[in-house]
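What follows is a pair of complexes built around chain A, which joins chain B in one and chain C in the other.
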Partner chain A sequence: MVRFLLALACKNLLRYKRRTVITSVAIAVGLALFIIIDSILIGVNEDSVRNIRWHETSSVRIMHADYWKDRLLMPLEVHISDVQEKIGLLGEHGLTATPRITFSAQMILHAEDFGEDGNLPVVVTAVDPRTDNSVFRFEETLIDGRFATSGSNELVMGSWLAQDIRAKVGHWVSLVARGNGGFFEAMDMQIVGIVNCPNPNVNRSLIMVPIDTVGIYLDMEDLATEIDVALPASADPDEAASRIPGILGNGEQALAVMTWRELSSEYLAVIGMERKSSSIILFLVFLIAAVGISNTMIMAINERTRELGMMRALGMPDPLIQVLFIIESGGIGLLGSISGTVLGSVANIFLVRNGIDFGFLMRMNDFGYRVQGIFRGAWSVQSLATTFAAGVVLSMLVAWIPTRRAINKDIPACLRHQ
Partner chain B sequence: MIQVQDVVRNYKAGETVVKALKGVSLEIADGEFLSIAGPSGSGKTTLLNLIGCIDSLDGGEITIDGVPVSRMDKHAKTEFRRNNLGFIFQTYNLIPVLSAYENVSFVLSILNVPEREIKERTMMILQEVGLTGMEDRRPDRLSGGQQQRIAIARALVKNPKIVLADEPTANLDSKTGEEILRLMQEMNRKYHTTFIFSTHDRMVMDYARRLVSLHDGQVTGDERREA
Partner chain C sequence: MKRRIIMSILFALITIASLSAITAEEIVRKMDETETFATSYSEGAIITTDRFGVKTSTFKAWSRGAYDSLIEFTSVAERGQKVLRTSGELYLFYPDAQELIRLQGAALRQSMLGSDISYEDMTGEKDTLAQYDVKLLRQERVGERNCHVLQFDAKTRTVAYPMQVVWVDTETYMVWKGEFSTKTGRLLKEMLVLETMVVDGRTLPKVTRIADKMKRDSATEMRLDRLEIDVNLDPAIFSLQNLTW
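Then we have the complex of A and B:
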């Protein structure tokens, strides 16, 4: 019986070739679009997470226990002391670390270099030029000049910020900041390099200066607001974070150790929402497909009402008739799902290799993604399998209602149907 | 034995109630070749549908071999039809995507008959109705008469007790119609299957061994003849 039903369903699909093809194509296009959108979202998320670790948070960050809650104020008084000793201890346990001081400042622009006097608030990151690139990945992002050297009054700036204020290598700026203890200090700094990073946040706002220079100016010698630790991509940050307090011991300072996930929790929450929005897209795609299949099945059932009546008169059980139509609908879904998955996968090869350049959008707007321009796709077997299965299963489900309605009709009425 | 007792069937047509059958009573013995005759709207098809368990009555009772089929629920009726009844329709109602062989054999598939037996029985009945060599043809490549032969084969392949035919020759020319009637007669004699067919065609009535006349939902005549 099953063989008969399968054979009849296949023959009926071929009987209405054009209708089968049109409905399958509609499903295929919908699924392919979903695969493409989902691939881009997954790819952008993966790239963003990588760029967050490479340019913003590192894998694990050590801070003063009270720093995180006041982090927006960037208080220099809430710092880590004996930084070099702590970095040495971490190094002994195979952990590469670098100190950073983050502080807010007014950047004063001078008319000699910028054409007119002006100032703007900035967030400055003081880094150790000797060790920073072993934790963060700025080495290949330099597009002009060079990196600042230790002990110098040199500054490296993000490319978009430099464009916005028309800054060039060789220009001088002054940074006015409140030092450790509350005093104000002005630092004259020469721009020696401009970086263009895959992370738009960096390009938009980065001001990077040597930590030892800032240490002298702001009374932060051998002090830091954070120590950033690099871990291999395969390492478990939670495991490292739980190990670090033991390595650093119970000093007089209470320290907090946070993983990149905790540090970028706001971004991850946004991404979580966007994954949900991709589910809404999937739902909409299937809603459109469902309307298409439902319409096709209603037409098929309407045209074959007499045939259906004959089968019922000859004693074919209603559930078997329903199964017949559901197999037909599933066949359309299967064709659509195969074509859609193939189409989406072919498009995805291009997306994974080349991506799409959304640089013009990212320059003007901050969408939260840490990807500067080219959005690349990513392969997700789970996503492909879910999309494929959902295409087939939902196609079968939507055939249920019109078939149910047809078999609830009186047999004589079915046989009289014109 | 089919017993139809005081059968009433009403239909609603908007606000109006149409009385299709007004207390019809009949007894049909096994192996009869019976025609229900009457003009359009006399209730022929309604009576056939009720005996065929594809419609529900509003009064009276129908029993087949002592089984009160009119009291059965939907599922029991389906099972009864599957095991005991064959149908021949005016418009053949063949499945256009299936071959002649498949149109006949699917009835046995529903009954879960083993594959080998399905083949034997289908080939035999197609031979009986004169369609040897046309097993692989689809209905659209067969004449009206040949299509109705498939329908007869389909009705008979499961060896039903009763075959119900609603105006089986109405869509055929008179010569082909006669061929079909002779075939039905032959099958009736050979298998001792009860044939009940409706018609308003005088030529068709002449083939019946018993002629029941209906008019306005009532039996107006019941005539037995020699074949």
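Then we have the complex of A and C:
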């Protein structure tokens, strides 16, 4: 019986070629769009997460227990002490770590270099030039000059910030900041390098200076606001975070250890919301395709009501007729799903290899994503399989209602149908 | 005989000189006393000038002793905003949001209304000797007035300016001029009294100009239009309940 139904459904699909093709194309376009948008969303999220770990948070961060709640004020008084000893202990357990001091400052621009005097509030990151690149990945982002050397009054800047203030390698700026305790200090710094960081949040505002220089100016020698730890991509940050307090021991200082997921929880929450809203858009794309299928099926069933009456008059049971129409609809869905998946996959090859450059949008706006310009796609077998299956199943589901309605009519009414 | 007379005159001069000599600490105490009132009420304005133009914010202020003060802004843009300082604590009230914010730690260092004055400058405690070592450098004239020139070196890291040089009037003990520097001596801010007024026998600043020496074309002028001292104030003025009314 199944064989008979399948054969009949295939015959019907071939009999109404134009209808079959048009409906399949509608499904294929909808599914291909779904695959493309989903691929970009997955790809941009993967790139963002990688850029967060490489340029913002590292894998795991150690801070003073009270620092996180006041982090927006960047208080130097809430710091980690005996930093080198702690980094040594982490190193003994195979963990690569680097200290950083983050502080707010007024950056004073001088007319001699910048053409006019000016000032702007900035966030400065003091890094250890010897170890920072073993935890963060700024080495390959340098586009002009060089990195600052230990103990020097040298500064490295993000390229977007440099463009905004027309800074060039060799220019001097002054940083006015509050030291550990609250005293004012002024530091003259020469720009020696410009980096083009793929993370737009960093590239828009990055200012890096040597930690030992800042330590002297701001009374932060052997102190840091954070110790950042690098882990291989395959390592579990939660496991490392739970191990670190044991390594550092129960010192006088209460420390907090946070993974990149906790540190970027705001980003992850925003992206979670964006994924939900994107899913709604994707669902709407799918719904449009479903309405197309449904409409076509209603027309097909209306056209074939007399045929349906004939089949019933010849004794074909109603459930079998309904199954036949659902199989036909599934056949259209299958054709659409195959062509949609192929079409989406071909487009995705280009997206994964080359991506689409949204740099013009990201330069002026902050969408939350940590990708500077090129949005690349990503392969997701699960997503392709789900899309394929959904195309077939949805097509079968939408055929159920019009078939049911036609079957509810009596046989003479079906045969008299014009 | 002649020698005895000379010796007597010398002794007398030394005695007079030692009686009239005043130490740096005494000058500072008198300076702090001049600036501290049992209670006070004032009205005035903060005029901020930067590269974008001039902005005027008017205020009313009440103070009690060295630690309690309340400032209420009356200019249109900030009307109803209040800053309350009680011993060790500072609160901001924003009427539009009906929100009370407690500032502490690093938050006290934020600029008030975009001026060159921070919240801690505005409401800072006035016990200079507890925070600074003081040294009398010389005497110098500021305009028409004779001044003691004092250098303050911070005892702790918790003060904003590790080094200060101030010019204190030898008669009225009012500060005419101040230079505020980093510990390496880099000048950050300069304060100059442009006009004075006499209230209850005390000479006090009427118009004070504070210039940020790191930023060109940036200055803040503080003008007192009215000042009453030792007035009767309701203690409830300095309460949190009053702040939200």
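Operating definition for what follows: the second predicted complex is superposed on the first by the 418 of 418 C-alpha atoms of A that agree within 3 Å, B and C clash if a C-alpha of one lies under 4 Å from a C-alpha of the other, contacts with A are read in each partner's own complex, and residues count from 1 in each chain.
Following the convention adopted for this analysis, contacts are C-beta pairs under 8 Å (C-beta built on N, C-alpha and C of every residue); 3 or more make two chains touch, one makes a residue touch a chain.
Since we're looking at a predicted model, the values are computed, not measured.
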Overlay on chain A: chain C relative to chain B, clash or fit: fit
Which of chain B and chain C A:50 touches, first, second, both or neither: neither
First (chain B), second (chain C), both or neither touched by A:415: first
Touching partner for A:306 - first (chain B), second (chain C), both, neither: first
Touching partner for A:19 - first (chain B), second (chain C), both, neither: neither
Touching partner for A:1 - first (chain B), second (chain C), both, neither: first
First (chain B), second (chain C), both or neither touched by A:168: neither
Inter-centroid angle chain B-chain A-chain C after superposition on A [Cα, multiple of 10°]: 140
First, second, both or neither for A:204, with chain B first and chain C second: neither
Which superposed partner A:261 touches (first chain B, second chain C, both, neither): neither
After superposition on chain A, the shortest CA separation from chain B to chain C (Å): 67
Set of chain A residues, in rising order, touched by both chain B and chain C: none
Chain C-facing residues of chain A, complex: 70, 73-75, 77, 106, 108, 111, 117-119, 174, 176, 178-186, 219
Chain B - residues contacting chain A, complex: 45, 49, 52, 54-55, 75, 78-83, 85-87, 89, 91, 93, 95-98, 102, 106-107, 109-110, 112, 154
Touch list for chain C against partner chain A, complex: 51, 105-107, 109, 154, 156-162, 180, 182-184, 186, 188, 214-218
Complex interface listing, chain A residues touching chain B: 1, 4, 7-8, 11-12, 14-15, 306-307, 309-310, 312-318, 320, 410-412, 415
